[in-house]
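The following pair of complexes shares a single chain, chain A, combined with chain B in the former and chain C in the latter.
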Partner chain A sequence: MAIDNFLSIQGVSKRFGGTLAVNNVSLDIARGEFFSLLGPSGCGKTTLMRMIGGFAMPDSGIVAIDGADVTALPPNARPTNMVFQSYAIFPHLNIADNIGYGLRKLKLSAAEREKRIAASLAMIKLEGFGQRRANELSGGERQRVALARALIMQPKVLLLDEPLGALDKRLREAMQIELRELQRRLGITFVFVTHDQDEALSMSDRVGVMSKGKLLQVDKPKALYERPGSREVASFIGTMNFFEGRVLEAAADSLTIETKEISRVAAKPNGARAFAVGDRVLVAIRPEKLSVSSTPASVNSVQGRLHAVSYLGDHHLLQIIVDGIREPFIVLAPSDGKGLDENAMPDSAVWVSWPADGAIILPAA
Partner chain B sequence: MNPRGVAAHNPLLQRGAILLNVVGGRPGGSGVAAIDVRREPKPGLWQGLFRSESARGYALTTPMLAVLFLTLAAPIALLVLYSFWTQMGLYLDQTPTLANYERALGAANYRTLFLRSLGISSLVTLITVGIAYPIAYFVAFRVRRGKFLWLIALTVPFWTSYLLRVFAWKVILGYNGVINSGLMQLGLISKPLEFLLYNPTAVIVTLAHAYAAFAILPIYVSLEKIDRSLLEAAADLGDGPFRRFMRITLPLSLPGVIGAALVIFVPTTGDYVTPALVGGPSGTMIANIIQVQFGRVNNWPLGAALAIASMTAVALAAIFAIQALRIAVARVR
Partner chain C sequence: MEKKHGGIGLMIYAIAYLTFLYVPVLFLPLFSFNDSLFVAFPLKGFTTKWYAQMFEDEAMHRAFWNTLRVGFAAALASTALALPAAKALTLNRMRGGNVLIGFANIPLFVPEIVLGISLLILMTAAKVPLSLISVTVGHTLFCIPFALAVLMSRFEGFDRSLEEASLDLGESGWMTFWRVTFPIVFPGVVASLLLTFLVSFDDFMVAFFLCGTDTTLPVFIWGELRFPFKLPGVLALGAAILIGSCILVAFAEWVRRLGTTGSGPASFGHA
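Right, the complex of A and B next:
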């Protein structure tokens, strides 16, 4: 998908009293894209989304949709619709009137209005629920009503603020698939806010990771996982083992890094980043890239003590303490018995190793 | 009947009664249940009763119901009884008759008073709710910090006695009152205006002021309860501020408006202090005549018939108005 700027956010900032909730964010989202904003609680996701929807005015910067500057427009004049985190179903109206709420503007005939509402109810598989009230629906049904009420407006951009947050795990997973299918079918641009990284990675075309008001990185899910651009992104997405070091030798396709605890780590430069001899770097390794054995491997091996083993079905999660490194190494080892001795006891000495291309090298902060 | 007896509906008084309930009813009840447990391991009748939610509910409301019965139902029943009797000088003729109702509803002067009372209290209700709504709206939606202080400040004038407030208006509107002497001092008028006091307008102004706080609070509560994301959702779905108000804020605050209207309409129709003090002959209301029947004229049966008729009229008018309002607001959709 070519990245055109259907929804364009340029240098947007928003301050609440002492906190800079959104700090100079620029972002382009393509037509028909499923875009997720991911980040820890309080990082400014909702604030950024509210500025796209028109519920908050940016202190500076521009929001443009389909080529038109909408920065100063109120929500009712924007081609966006929102699915609120609380769903915001009108309690004094029945479900049909809730879904048809925004149709008033279109001045449809009664029959046409009925038809659209019926089609919308069918889309969310709630036929026959039109006369019910919001308090007579389950959480999942309410969520779908909120979705239908926004989609019936045929918005250019649909904003969803943690729409699945209130649902239990199974329903959430079912809704994730439904939402994704719906989005593909309708071709509407979705901006989806979540703090659940699995949700963001599994549903989205691209993900933007936010922290403390800043947009740290925007990338496809796979790229974000395999080539995080900074320690913050790397640690927010999945589990990551870190240790610091200094570049000893730098070639076009290989790096040698010296660390205090492990002398000479062999690595490959990843991404477009170039390192020079003497640079301070951070070595980041995913748990599944590490392997454990009772003897040292030929490259990148370090000795430690087995601290804890937890059983995860087809995998074991091992914690290995290496002297001099504060956090224990987290290793995800297959449970098929290869690598680690089945009867390895806590506190027994083991070797942790990884291939040269298994580590991600990041500039030290 | 004392028309101000409606104060028994006052939420504060009711809360007082419920408190009494909790103090008086609960410990005794659980005590009995506890004794039963010791005597008999099987769940006994008492224990079953106190386990049941509804039994406990009835137990808690019984003292309240008893008070309501003694102070409201019994006097009203007595009033109904009286209204079918006849006053014969100092004696009561207890043969049932409809003569009192024929007089109460048939005589032109009583009918005028009924209509005037309903007219005045309707106007007072409209004016008071009309003034109270924007104030309540302002405090609920625009004030960010210190809402509580605002509410206290708004109700402080109402901490004084009702009578004092009526007299205050007498002082303001009177022949030598604040307005007249002020205007004379400014040289705008040469002799005091006489149309300020002792007429229906004076009654309306005084009552509207006296009941403002009672209107602000229920409306404020219902506005404060509205989830702000509903208003954002309405804006998101294309409504401007006015549409949003008509389609979301107003219908959702309707219970508060109806509550406020009832709290004003019911007691003002039966008010006799204000018309007696500032109404003059043209501002006399039905309750003044009822009072006279129970007092100077000493015709309790006629007074009772007038009171029952007035109560019925208020109830019918209130039900009618509430239904009309509901339908009107529902049509805005």
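Right, the complex of A and C next:
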């Protein structure tokens, strides 16, 4: 998908008293894209989304949708609709009137209104629920009503603020698939806020990772996982082992890194970033790129002590303590016994190793 | 054992308290049915003639009608003024809200006689003739703190995102108020109307200073007390007001609580 700027956010900032909730964020989202904003609690996701919806005014910057500057428009004049985290179903109206709430302005005939509401109820598979009240629905059903009430307005951009946060795990996973399927079918641009990285990675075309008001990186899910651009992103997306070092030799397709604990680490430069001899770097390795054996491997091996083993079905999660490195190495080893002797005891000496292209080299902060 | 003992002590205290509070009030209906001009034991016999006598009194009719009109107007005015204030103070967390609440509550703490005299001076200075209008203005001022308290308690726990959702779905702020906010706080509005009506209905002091020749019921009663032979009739009127007030208060409290318990929706105001 070509990245055009259907929804364009340019240099947007928002301050609340002493906190800079959103710090100079620029972002372009394509028409029909499923875009997720991912970040820890309090990083400014909701604030950024509220500025797209018109519920908050940016202190500076521009929000444009489909070529029109909407920065100064109130929510009722924007081609956006929102699914609120609390769902905000009107308690004094039944489900049909909730879904049809926004249709009043369109001055439809009663029959047309009924027809659209019925179609909407069918879309969310709640036919026959029209006369019920919100408190007579389950959490998942309410979530769908909130979705239908927003979608009936045919918005150019649908904003969803942690819409699945209140659901239990099973229902959440089912709704993830339903939502994604619905979005593909309707072709509406979705901006989806979540702090659940699995949710963001599995549903989205692209993900923007936020931290402390800043947008750190925007990328496709696979790229974010395989080529995080900073330690913050790398540690927020999945599990990562880190240690620091210094570049000893730098060639076009290989790096040698010297570390205190492991004499020499062979690595490949990844991404567009170039390193020079002497640069301080951070070596980041995914748990599944590490392997464990009782003898050292030919490259990138370090000796440690097996600290803990937990069984995860088809994998074992191992914690290995290496002298001088604060955090134990986390290793994900297949349970078929290839990686590790089945009877390895805690405290036994083991070797942890990884291939030269298994590590991600980041600039040290 | 000891716990039970404490329980009995508390029970005795509660009974004594309620007796002290309500027995004097119960003398009112009791003597209103007593077939004697004198309010004294022993009771003479049962009669309803005092009620009949009172309800045929033309002056009483006029005073009652005046009180109703002032009560309706003051209830409407104070509730209408308090509604946006209560919303601003709770939903929008207005800056300096506590100061505003403090000022609005002043009429509760100023002695009524002081309030009455100040209003009288104000009306005279402003050349407002003393009439039902001046009473209504005084009562509105006096009723606002009550309306504010009832409405604010209704606004507590109102989910702001309901209003945002309405704006998001294309409605203006004004239509959002009528289609979402007002129906949801409607029970509070009814409770406020009932309560402020009662506060106005029962007020003597402010009405006494401001009513001029248009007497309200409490002022009328005060005037009647000069004539000893009218005392039983006044008791009959008092008893009727007492029972009416109790019913209205109970109803107001019931309405105020509608839809606030649990997640049940308010059963009012289908927009």
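Everything below uses one rule, namely that the second predicted complex is superposed on the first by the 365 of 365 C-alpha atoms of A that agree within 3 Å, B and C clash if a C-alpha of one lies under 4 Å from a C-alpha of the other, contacts with A are read in each partner's own complex, and residues count from 1 in each chain.
In this text, contacts are C-beta pairs under 8 Å (C-beta built on N, C-alpha and C of every residue); 3 or more make two chains touch, one makes a residue touch a chain.
Predicted, not measured: the structure shown is a model, and the values here were computed from it.
J.: With the two complexes overlaid on their shared chain, look at chain A and say whether chain B and chain C clash or fit.
T.: Superposition result for chain B and chain C: clash.
J.: Applying the touch criterion given at the start, work out whether A:299 contacts chain B, chain C, both or neither, answering first, second, both or neither.
T.: In the superposition, A:299 touches no partner, neither chain B nor chain C.
J.: Regarding the shared-chain residue A:64, is it in contact with chain B (first), chain C (second), both, or neither?
T.: neither
J.: Scan A:133 for contacts with chain B and chain C and give back first, second, both or neither.
T.: second
J.: Once the shared chain is lined up, is A:55 touching chain B (first), chain C (second), both, or neither of them?
T.: Both chain B and chain C are touched by A:55.
J.: Mind working out whether A:93 is in touch with chain B, chain C, both or neither, as first, second, both or neither?
T.: Both partners, chain B and chain C.
J.: State whether A:74 touches chain B only (first), chain C only (second), both chains, or neither.
T.: both
J.: Which chain A residues contact chain B in one complex and chain C in the other?
T.: 53-55, 74-76, 80-82, 84, 86, 88, 90-93, 101-102, 104-105, 149-150, 153
J.: Show me the residue ranges of chain A that touch chain C in the complex, using the header's touch definition.
T.: Going through chain A, the ones touching chain C are 53-55, 74-76, 80-82, 84-86, 88, 90-93, 101-102, 104-105, 133-135, 149-150, 153.
J.: Over in the complex, which chain B residues touch chain A? Could you list them?
T.: 227, 229-230, 232-240, 243, 247-248, 251-252, 333
J.: Can you list the chain A residues touching chain B in their complex?
T.: 53-55, 74-76, 80-82, 84, 86, 88, 90-93, 97, 101-102, 104-105, 149-150, 153
J.: Would you mind writing out the residues of chain C in touch with chain A in their complex?
T.: Checking each residue of chain C against chain A gives 159, 161-162, 164-172, 179-180, 183-184, 259, 262-266, 268-271.
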